[in-house]
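Given below, in the form of structure tokens, are the structures.
Note that subunit A is present in both complexes that follow, paired respectively with subunit B and with subunit C.
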Partner chain A sequence: MAEQFYTVASDSETTGDDKAQQSFPDVAIGIDIGTSRCSVAIWNGHQVELLKNTRSQKGMRSYVMFKDDTLSAGVTGGATKEHAHEERDILSGSAIFNMKRLIGRMDTDEVVQASKTLPFLVQTLGIGVRPFIAALVNNMWRSTTPEEVLAIFLLELKALVEMHLKHPVRNAVLTIPVAFSRFQQTRIERACAMAGLHVLRLMPEPTAVALLYAQQQQQLMHDNMGSGIEKIALIFNIGAGYCDVAVSATAGGVSQIRALSGCTVGGEDILQNVMRHLLPNYDNLCDNAGQTTDRIKSMGLLRMATQDAIHKLASQESTEINADLGNGLKVCKLLSRAEFEQVNHVIFEKCERIIKQCLLDAKLTPEDINDVILVGGCSRIPKIRSLVLGLCKKEGSYGSIDDLEAAVSGAALEGAIASGVTDPSGSLDLLTIQVTPMNLGIRSDGDGFAAIIPRNTAVPARRDMLFTTSQDNQAEALVAVYEGEGKQAEENHLLGYFKITGIPPVPKGAVEISVCMDIDAGNVLRVFAGVVKPQGEATPPFIEVRMPTLDDGHGWCGQALAKMYGSKLDLAVLPKKLQP
Partner chain B sequence: MAGFFSTCAASDHYCLQLRSGSAQHELTRPNKYRRRSMIRCCSTAKGKARRDYYEVLGVATHSTPHEIKEAYRKLQKQHHPDIAGDKGHDYALLLNEAYEVLMRSSSRKADGFGKSRGGFGSGYTGDGCSSWNGPMRSQALFVDENKCIGCRECVHHAGETFAMDDVLGSARVQVQFGDADQQIQVAVESCPVNCIHWVGSQELPVLEFMTRPQPKEGHGVFGGGWERPKDVFAAARNFARKLERQEQQERSQGANGGGREDMEAETAAQAEARRHAGQELRWKSLLDIWNGLGDWRKSGTDR
Partner chain C sequence: MPHLAASPAAAFAGAVAGGGGGGRAGFRPLPPRASTRARASSATAGGAARTATADQQQKQPTFYDLLGISAEGSTFEDVRAAYRRMARKYHPDVSPPDAAKEHTRRFIQVQEAYETLSDPSRRTTYDRALARGVCRLAFSPAARRHDASAFYHQEQEEKSGWRTSWEGQISELKKRSTVKDAEENLSWGAQMRRRRAEQS
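Now for the complex of A and B:
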């Protein structure tokens, strides 16, 4: 009802160029929140249009500046030119950035630990609760949360879009890294809700690129009557915080994702490695505990110098770094490309591993790949380019995609498709068939993990599995849902848990408990569980649970569950047997 | 050939509506369901409870992976929840399941796994094309489509059970016991050529498979096209015998081959034993080294 009301409101504004937008006012916008840069795009009725901020930037630096009582995000970047935030201000401790790396992570996470070298305050206790994050305001640390920071940013982004469209927006499609757990996804949704945005879809970044690729292929086919044969593309995306790979099969405007894999390495890690290389006692200096304004300032200077050097190394064989960090500290070094690659070899190995994994999962060899698409800021690093192309045995990468704008364009396309927009010229006649990036299952047989929906299953998906009790006369059973790649439940992310009660008192192994998992196109996971055998009046009703049910500070939860109920309420996998 | 394709597509629609309806039902009131219906929403891996996935995708039983992919994409484009909204969920689930099973089986065929069955029995999934209303019974209905003259009497009397295949011009059983027993009896008796038979429900899948037109092997300009055995019952008996022989063969091969199916059938105890053995093997080398070290040390002190 509310939507209808506001349709009328936008109708009352009858300016000429609003016409195209009026016919589908509720088109979802596409947002790419990057670790370092954000961008937003809309389907304007004919094509995808990237929006620019007041300083006519398409990619806006992701940060939120805390100053006295005012907050300002990177979208406007300090509104006017004379107040424009410079990199120096952002690194002064009063701005929070890298929220995409921090969101939904516990303080035991190594990514959070690595973030302690950032200029703002990241305090950890190392016990599996959320980290304490604070920004420096008037020489005082003011606490905040990654969700809050992201929400402030999204709010400014939303204002920018509304200013451009001249009507309110409500729905959005956001891109997320493949490595995001479902818990982190709920955090993103929470941040969006705080900003007044409804998340229509969260799509993994490489799949958004795959959709754009599908559109381009479709266009090509229309233009020169090309053949509609299937094309296999490998999409490699490496940004500042995450690295993802997808293999997609594209034909007839349908991009079918064959496999996904991702990990949490990116430009931030490369930057830190180089900083560590330049300044041997780096860890001592930027230990978060003893942060002073002076130290923050010198670290900021080092960061800027290093970033500059890495950018230069993309085109030069070597570069000289000359930075005066104050307090008598000086960095003066000639950094060669070979040295740079040596320092970061662990990161390149990780990239290599996930590409190999992805090809293996897709059951394809490098020879099957038609196109290699490289996107993300760090894909400009020569070593990464040569590494990906080498693994895929290709000479060059696919050229007609902009490496920084591809993901957001794909998200805007998906937004238009999922909002039900059709285009007469057929450029929206597209579809992405997503897959699940991680195994989903429950704890069983002690600390084992029984995967019910394996990774790379096409979405929507529904699978079920039979379990049985592990004790005689067991009346209750605990269903603890996990997500991840580990063989043991504890290695994976706990998503939620619930009990099945009222199991008929029979010897162990005689009961059949069905646990069914269902993922819909909006990526909502529902778990159904209940007793299917023996049947009778006494069997309790099925339980339906929408996952994840957990809130913050759940690091201990899994261990506590195992300790309290592990053996008492355990489930065992029922061996598969032949059905009549 | 084109005729056969369109048949699939036409009957397909009806079936799917029926099935997606029941899937919805399971979601809302699962506890009222008997075990058999729970298996329906069971995943594909079990293989035995397969539906006729070829019909779901509307492709011929001998389709190449390419054709299956194309059909899958075309249907997904109509029914994927991104396009059709939430109501497309169940349909898309079914498509995903069908696609996965068919791609797996066709790649297996390509690997030569099921080659011994040849063109003759390929595509037999062990599942009939009619669905069951209510529990399985020992008897089932079967229409001998060779004899059927397309009089529509049975469809008229028991419209839930029988359906007309307008392309092949014959009636067929769509839902076993879809109507009341009395109506079904009237329908059976009303048939002017007595082509509706009561058969054992074990024979039903084979019969229903045999009665569908099968591609004939072509030799240049001769042969090819589609055919259906003249005497379905004799053909079904033959086929069942062949299948049995084949299964025996496979079993004897499987005993020394040890494929993936065997892995799945492994019981918890066996898994435990295997893990144990593996661990022992791993530890053994360490122990050997340790013992060796001990010996060496001892000899050292002796000296």
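Now for the complex of A and C:
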């Protein structure tokens, strides 16, 4: 992996056109790019196989090391060095990691703000543009982007697979967090395009686990000639960057996702909370001292000591932390599990909230759940286990799934299924029915948000809704498309906007404007809009727009539109009394 | 509330039929069919509209047809099993590439059928409409708009949904409708009122 770091195979932002044609002969591989670890799996003709790198690791660190003119990712990086050494190198300022947390986020985002404590440069202006990210190379900051970093280790993962299969691969199924916005999804697709990979599907992580579970259930049925009774599973996934929940109904090899919920909370937040607890002036140290080599070294050492302590607390009641951070800074503390749980109680509450939300959305009670599946690195934290099991009123969790390998295995299964592979033994006789994780709709009635495709709608989907004008003789209307859970448009994520023009001059409320949203098999969102009443010769044609249209997740575009046009271009949900 | 009114854009059934990206032509509303809305919305009042919409309905598959089950005696489990069977047939993940578009369209229809028939209250409403032979065509935009606005006006929907069915029941009561299964579909309150009305 010395020379070609990455090649930009396609500069186009849109990969949807080739998404439609699924005639690629090769079988899509499964990739799990985690915040801290990544892995790759293939369908080897009989079963899913996780590939190992030269150091026999299946889960490889997600980072890219910048050194002189060479870049190397965690897949192959640091070939034979000792673990501690490598960790120190990673935290020396010359490696970039945690990019899954930063991808597609603007510098006003609190997740980006919190990332300024990472041991490399994350510079923000706080105006809603991309953060500036750089690695230390020969005492100079060298800029990069989250997409570039992801592309580099995607390229290494691709090379690993190609070496194993001895033929080139092109298609991939990637797992993503439930909380990823559509804009973030386009960034992942972009990183894949840079690495020469075509995204066949993006699967929320717990749904990939659900598919693996469906396969296991199907297998059990074949073995025991058991009945095809539907089983409800709650899958809880918490990694370093994100936390997701899915409720699935499984029978006859069909894994139907009933509800999804997720949030940007994970091991990184737990780590930061504990570091802040261990070193009371932690924030001062991070923010004021600037990004000096000394400070990066101190933060790296603290990070390592804290990480170690958290791992120990999974099996011990308390642990002692002794770390010399240099510059006279020392941390000597006995950390108990109770203290650890107290420091992170907000995180545990968030986990609780999304589980409850997910059950509510699925219209199920804890009693309906047959199996609770815990996956992700942080699911090993005792408090998280007890919390999830407690909410689901279960004694234990489902045991036949590897908590770190399940997501990537599910992605490889979906890769094989969506590539049209069939297996004589029936082990690919599976189907996953996915749902939308967030409401999709448009701005209407002032700053309101009208959800046209509500969250947890099965995809592919097509829904429409009627709107009308808010002014007399209004000739144009703005269709501003948002994604999110807020009741106000501005609380949500702006995906794009366009105008409907040539509306006939009639009193307000007299026209009917239809806005239709369509999500196709490849999860591409299209919005169709136009005047349906009154009809006449002069009625302009409908407009079809592929979303998102915004290059960046610029939240302030929405505000600028409101400032520029006020209510002149407003749409309103068509009230019933105006309908004949 | 908009979702419960029978739809103005009846032609949008054509939009669904149009499928994915290529559906633009089918998306253009067809003025003659748009007029069915007036009949549909006056459906509870009965009259001449009834026969007109009923004729149209003959050509439309019902949700039961879509899932390949019979309207009578199919249980919740039957609906779910049928849905899974149809999903395995039409879901784009498992359909041959050349039929993906058509299958996607069918999957969306099957999904709608499943969502309606697996929800006891929506199934009751749908069955009632079917029994009267009016109102809800399988793909009437009214049905779909009902889903779409569910989030936006959830509370109002519940109220007005209740009111609409109540009004419908009252009008039936007034007409001394002889539809056999009307009794069990009536709310408890409406049954009491009917009983009182019959006594007086």
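Just so it is clear, the second predicted complex is superposed on the first by the 539 of 580 C-alpha atoms of A that agree within 3 Å, B and C clash if a C-alpha of one lies under 4 Å from a C-alpha of the other, contacts with A are read in each partner's own complex, and residues count from 1 in each chain.
One rule holds in what follows: contacts are C-beta pairs under 8 Å (C-beta built on N, C-alpha and C of every residue); 3 or more make two chains touch, one makes a residue touch a chain.
Here the structure is a predicted model, which means the values were calculated and not measured.
Superimposing the complexes on subunit A yields a three-chain arrangement in which subunit B and subunit C clash.
Touch criterion met: A:450 reaches subunit C, while subunit B stays clear of it. When the shared chain is aligned, no partner comes close enough to touch A:399: not subunit B, not subunit C. Look at A:572: by the touch rule set out above, it reaches subunit B but stays clear of subunit C. In the superposition on chain A, contact of A:439 is made with subunit C only, not with subunit B.
In the superposition on chain A, A:328 makes contact with neither subunit B nor subunit C. Mapped onto the common chain A, subunit B and subunit C collide along 98-106, the only clashing stretch among 98-106, 152-160, 188-196 or 278-286. With the contact threshold set out at the top, residues 230, 249, 251-254, 256, 414, 417-418, 420, 431-433, 458, 460-465, 512, 514, 516, 518, 520-521, 528, 530, 532-533, 535, 541-542, 544, 573, 575-576, 579 of subunit A are in contact with subunit B in one structure and with subunit C in the other. Those residues of subunit A that touch subunit B in the complex are listed here as 230, 249, 251-254, 256, 414, 417-418, 420, 429, 431-433, 445, 457-465, 512, 514, 516, 518, 520-522, 528, 530, 532-533, 535, 539-542, 544, 572-573, 575-579. Considering their complex, residues 20-23, 228, 230, 249, 251-254, 256, 414, 417-418, 420, 431-433, 439, 441, 450-454, 458, 460-466, 512, 514, 516, 518, 520-521, 526, 528, 530, 532-533, 535, 541-542, 544, 573-576, 579-580 of subunit A touch subunit C. Interface of subunit B with subunit A (complex): residues 27, 30-31, 34-35, 38-39, 41-43, 45-46, 48-49, 66, 69-70, 73-74, 76-77, 80-83, 85-86, 88-89, 92-93, 96, 99-100, 264-268. Residues 1-2, 4-5, 7-9, 11-12, 15-16, 20-21, 23-24, 27-29, 31, 34, 37-38, 41, 80-81, 84, 87-88, 91-94, 96-97, 100, 104, 107-108, 111, 141, 144-145, 147-153, 160 of subunit C are the ones that touch subunit A when the two sit in their complex.
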